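Dumping the structure here so I can ask a few things about it.
Note that the chains are named A, B, C and D in the order they appear, and that numbering of residues resets to 1 at the start of each chain.
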Amino acid sequence: MGDRKTNWPLTVFLLIVSAPILIMYLWLFIDSISEINVESIWPKEFTLRNWRFLVQDIPGHGSVWTATRNTTIFAASVVTIVVALSSTAGYALSRLKFPYRAQFLGFVLLLHSFPSVTLIISLFLMLRMVGLYDTLIGVILVKAALELPFGIWIMKGFYDTVPWEIEMAGLQDGASRFQVWHKLVLPQIMPGIAALAIFSFMAGWSEFVLPLILAPSSEARLLSVYLAGLMIDDYLSDFGLFKAVGLFYVVPVMIFYLFTQDKLMNIYGGGTKG
Amino acid sequence: MRGRRSLLPVWFMLPASVAVTVFFVIPVFMTFVFSFTSMSSDTGILGNRYIVTEATIRELTERGVDADLVKRLGSRVFAFDQAGLAAVGKSGLKPPVVKEIEEKLAGAVFGSEKELFAALKSLKNRPRSFRDRKAVSKAVVNTIVNREFRTATGFRAGLASINVEVDDATFDRLLGLVNTSWSWTTKNYVELLASDFTLKILANTMFYVFFTLIFNVGFALVLALATFYMPSGQSKFFRAVWLIPRISPSVIYVMLWKWFTFDSGFMSYFLGTFGVAPENWLNEYPWTFVIFANGFVGASMGMIIFASAVLAIPRDVLHAAEVDGAYPWQQVRRVILPMMAWPILFVTSYQTLSLLTSFEYILLLTDGGPGFFTTETWALNAYHTALSNYYGNLRYGFGATLAVVLVVVGIALSLLYLRLFDFKALVAEPPIES
Amino acid sequence: MKFKRLILAALPAILFALPTAQALAQAQEMEIVVWAPADQNERYRFEAVALAANVLNEELKIEGRDIKVTVSARSFAGSQTWQQLKQGFSLAVEAGQGPHIIVGGHEDIPVWGNAGLIYPIEEYIDLEAWPFVDVFPSLWPIMSWNGQIWGVPQDAESRPFFGWIPHLKAIGYSDADVAALPEKVKSGQYTLQNVLEDAKKIQDKGLVEKGYGFYPRATKGGDYWQFYAVQKGGDMIDDTSGKLILDKGALLGYYQFFYDAVFKYEVTKKNHLGMEWDQWYNEVANGKAGLWHGGTWHYARYTRREGLDDFFGTVMFALIPSGGAGGKATTLTHPLTYLISKQAKGEELEIAARLITIVSEPRLNTLHAIASAHLGITNAQTKVSQYSDDRWTAEATDLLKSAFALPNSVDFGQYDTLVWKGLTATWSGDLSPQDAVDTVVKEMAATMGNKVIIR
Amino acid sequence: MEIRLENFSKSFGPVKVIEDMDLTIGDCEMVALLGPSGCGKTTTLYAVCGIHRVTSGRIWFGDKDVTDLPPQKKNVGVVFQSFALYPHLSVFENIAFPLRIRKDGSAEIERLVKEMAGVLHMEELLDRRPGQLSGGQQQRVALARALVRQPDVLLMDEPLANLDAGLRLEMRSEIRRIQRENGCTSILVTHDQVEAMSMCDRIALMNDGKIQQIGTPDEMYQQPRNRFVAGFIGNPPISFCDGVIQDHRFVTEGLDFDLPDRFEAASITAGQKVTIGVRPEYVRPEFAVPIEGEITFVESQGREVLYDLTLAGGKVFRSIQGGGPKFKIGENVRWGIDIGATFFFDERGNRI
């Protein structure tokens, strides 16, 4: 509708309903760089003390950098698997002819409605069977598999939006089906890939339960556990520290988000095309 | 000549299919199977385990098993008979010790380990360490109590070692009673139907899903429409703001809500300036904030879909409405909303399913409280039952039952949802046939 | 050429043999894995095991045994992670990849014992010998299940009744009255009825806000069983049959007390349960509550984190007062315990047992007691100067003699959940105490059958 | 290269779209597949290029059976209705794509693309992205991409549908020029008869999955095989009128005339229901067989005027006449039709 003029009542209204989010995240930032004032919510004075965890270990909680590295590896592996497998399976479901295609798709949707956390015991048995219990690779595979139905569904939606004629043209130009997918179709759904990547990154980045139970003797402590440990430690009353660590935990995702913002807006765009 | 079927679908589907099958489909199926077992953390998961304990003996008596048999099963004697002495000889004790035992204790029988140890202490070349005394005890003990067997044959051999011979029927009965492992049962479903928690949790779940849905979908619409009528800079800003909760790790997001609703948090401070006494608002109005916290996260999804749906409405239609003199809100009511029926339906159905199975934010926010099951939803209850129970055991079987119920509801809703969305169109035959 | 080929063929064999030869040359390394729930100040739960390993290594050297023991620990702060890890433990042991030693709650014994995940420790450690012979006798039953002792206590604590002395004085207590109060509680002269009355007085004087007169634990917890246990007939387990007991009279007394606190005297908030612990600690440590109940380890929190400098001058502590005639004052203790998992086999089992023996030495155990404000486990410990010099541990240990523990039963979880449900229904005013008792009895009979003796 | 379809049939599941179609397109010839939407023309095109599998029958390129060849092996250039340019590639890369897939050397690619761009007059566009091009430019790129590897056959699916009117005219002759220059056998799928007539050597008019008639545009216009062809071809369209044969006469309400001499008694029997078709240029005052009625519609097209003449029985004949509007709506006139140029169709629509 072209560029509109500011509609002040509307803007003010949105500011009010968005206030909780704005306030919460603003204070997350403020409190992380100030002395916490017990009497009031207004900060007392500027300090970088809350960020000390970056340069020294908080006793009993290990190094934040180790946790960050572990979490990054974990999340990146999950992203790689989810994106790779969803982008192939999503393409097959959207574009290729094979038996039971509709059943596959219906099944993927049904799986989406399963509370995955109740699968722990079965997952344990499966991991043992394939010999991956108590390994980080096993947990990564499990996490990725649990994210896959969502990923496949979303990617299928994105592929559906690519015009068939582009593929037909590719075939006529002599490309094989694989070349068509790889050289012509994949570049069209980059926004979808970016969106799926950020959401599966998020899922991996904040995972908490699976590694604890399925790889219990793993030394790879994740950021989520690091933060939960800090927050629940009865004798660490440092709210400023929590907030700083919390911010540290959110920032990578935020940065990723800023770079992909426009594409992210499309995440569900694909999935809604009937 | 027809045989040019490509293998590409196979290569494209295989990795995802294998991963999903191994780590999702089979586990889902196993969960269904588990829902018919008494499996819990005190039964273990793998294999059988047969053991006669004090409690077993009491239970056998209660169940009217032959008193003589019970007595023999419960007996624990330390006998220096031939076999016992031979075992002592092979137990690795020093020869003088063995020799003295053979000389002084041959033929002796003790009714308890305490008496045995007392007798051992009277020897000159006595086994001095606890381990050595235990070695003697182990060599001469004649009992089945507290001995662990992993197989039925093992257990039968164990019975034979204390000279208990039973017929097959009695043996099978015994086997059932001394097995500490899980068994097949439909009790989980019976309990679910009989318990009055079920209704309470069901009501909670419906309440939660319904109101969160209204919040989600309502706010998503408001946001999508409001940002549509804004300069693009502003609309970008607001959309970004509403996506932040969605991309924050739940731990952080919930921590912020707690800070917001604390006695000493923002709300109390803010309302304090109007003279309202500080309160723990989360504790006071748990449902309100459970719904808010989930709603603020969920609204972003609908917002994105609705925003793109509004953009997809042909401009001519809106121009026409504008020319006809419709104010924005009239445009919304008369033109935009009717054209968005489909996306609204989609978001509603999709969110219903997601909300039904989600529990993470409630877990972190109220953990089902305050008080008893105040905000406990079905999925959260399944989590509590199967995964997190401070005291006592984790009831895997019952937790699986709860999950199965959720799956059944999920499947029913999905089928409805697929019908509404013309599943056939989603899987239209690909035109490229080569 | 042939020679070269021979070397190439032999190379893998040589490489393979190298580490083995090295191992033969050195002492055999044995890694003992310990899992423990521990906040920063509770780190001695696992660190003390490492210290014990140093002693053990010297002992092994003297015995001429070629073993070098190392301890690798995995600890988790906070109950959330710990609960997950407890499940991780069950699975890990079944998979043969668990720790050798785990620090659990005593209530874990029946669960893990029944699943065959842990050894009955009495078979591997001489509990008649030092230092176990000196352990407070009241702790052994708590370590027992099904006729065997499964673990040794790691620490002890109790959950006392607290009062804010300035408030007590303001309603007419003299210094001497305050000092005599714990004795009066113990002897049964001061009952829960008095608690309600005093709380009301404190509140009426405006010393605390409404609903702050009696300020119970913030969330669900075993502590609430204390108000059942102090009632007449408030037993939880039948020692001869090993079955759980639900005493209707005691249950009514328990529910009635909280009903009165919330609705009759209005000294407790109706929406108290489920509040934030941070807030709770802050309030009780700053005199915002009149009377309350907590745990011995709260001392560390009050004095270190909340800045309560003069603890003994401002806070009175005692047993939980009796529920009235026929009842007795008591307090709950919830000891943690060192358990040996089935992961430990052969020599590992022996080494784990010896480590646990050494770590239970008074001096080593005291490190944990002092650092975390928990209580010790042996009489001798009370004579270790670090322990006896600490006024809190020294005085609070006295409470332990009158303490009870939750029963070790596989069925406890279900039983506990039902009784808790009755309490919250009473607390919220949904049911009268009598109706709550009836409901709980009915549901328990229906779902648990003859696993519970209802009387 | 000659294209031959023999007994070609195509079904989608139970639905038969094309049945037993025979079509031969001569070397260097350009044939239009013309028909209303849903008639199966695009399906035929997709089968020829290999996107669709053939249900039964054979397709030949010259003397090579290409029925079961996948599209990649057919050397067919296709221009799609939406042009199907690859949005992430530059114009150069779009045109180069088939060559790159063929693994030509980069110098060769450079040469061929440049050459093709020259033919299509678009050298200056090579660095742009498809999104930055106008419709006509996109059309040229699509054409260039289809032709760059010298296909045996060029297929075009509604290539002009997405262009505006002026461009359409220009591209018509442009495409024809390029096709002639390249000399490749071509099939043009279109629903626009003007396009088909002006661009192609021959037209295959399709309906309901069958070819109704094949021929040059003139043949189609002058000698339609059936009522459908007569009705489809020609603008303004032909007028039909149902009647009955009585005594070697065509009779209907408001019209009654002797059958022309070419009908012998055997070919047409009394009582038979027939339909006549008269093109507008054969309804004029000067023709012999009289029709009387009221003028109900007048539309001036500048050089010519279009009238609707409604007979007493309600039958409508369309007439086109030169020389400005001479008649007004409501006027009763007595005109004539040219029996020699009138088509007769039997009940099944076949021309008699």
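Convention: contacts are C-beta pairs under 8 Å (C-beta built on N, C-alpha and C of every residue); 3 or more make two chains touch, one makes a residue touch a chain.
Note that the coordinates shown come from a computational prediction; the quantities given were computed from them, not determined experimentally.
Student: Please identify the chain with the largest separation between its CA centroid and the CA centroid of subunit D.
Tutor: Of all the other chains, the one whose centre lies farthest from subunit D is C.
Student: Distance-wise, how many Å sit between the C-alpha centres of subunit B and subunit D, to the nearest whole number?
Tutor: 66
Student: When the centre of a chain is set as the mean of its C-alpha atoms, what distance in Å lies between subunit C and subunit D?
Tutor: Chain centroid spacing, subunit C to subunit D, equals 90 Å.
Student: Taking each chain's centre as the mean position of its Cα atoms, how many Å separate subunit A from subunit C?
Tutor: Going by mean C-alpha positions, subunit A sits 38 Å from subunit C.
Student: When the C-alpha atoms of subunit A and subunit B are each averaged to a single point, how far apart are the two points in Å?
Tutor: Roughly 22 Å separates the two chain centres.
Student: Subunit B: which residues touch two or more other chains?
Tutor: 45, 264, 387, 429, 431-434
Student: If a residue has to touch 2 or more other chains to count, which residues of subunit C qualify?
Tutor: As it turns out, subunit C has residues touching two or more other chains at 79, 84, 87, 91.
Student: Name the residues of subunit A that each touch 2 or more other chains.
Tutor: Answer for subunit A, listing residues that touch two or more other chains: 120-121, 124, 168, 171, 208-209, 228, 231.
Student: What chain-chain pairs meet the touch criterion?
Tutor: Applying the touch criterion to every chain pair yields A-B, A-C, A-D, B-C, B-D.
Student: Could you list, by residue number, the parts of subunit D that touch subunit B in their complex?
Tutor: Against subunit B, the touching part of subunit D is residues 12-13, 46, 50-53, 67-68, 70-71.
Student: Which positions of subunit A touch subunit D when the two form their complex?
Tutor: Contact set of subunit A toward subunit D: 163, 165-166, 168-176, 179, 183-184, 187-188.
Student: Once bound in the complex, which stretches of subunit B touch subunit D?
Tutor: Its residues touching subunit D are 1-2, 4, 429, 431-434.
Student: Touching subunit C in the complex: which residues of subunit A?
Tutor: Going through subunit A, the ones touching subunit C are 59-61, 120-121, 124, 128, 133-134, 208-209, 212-214, 216-217, 219, 225, 228-237.
Student: Which residues of subunit D touch subunit A in the complex?
Tutor: Subunit D residues touching subunit A: 46, 49-51, 70-72, 74, 76-78, 80-82, 84-88, 97-98, 101-102, 145-146, 149.
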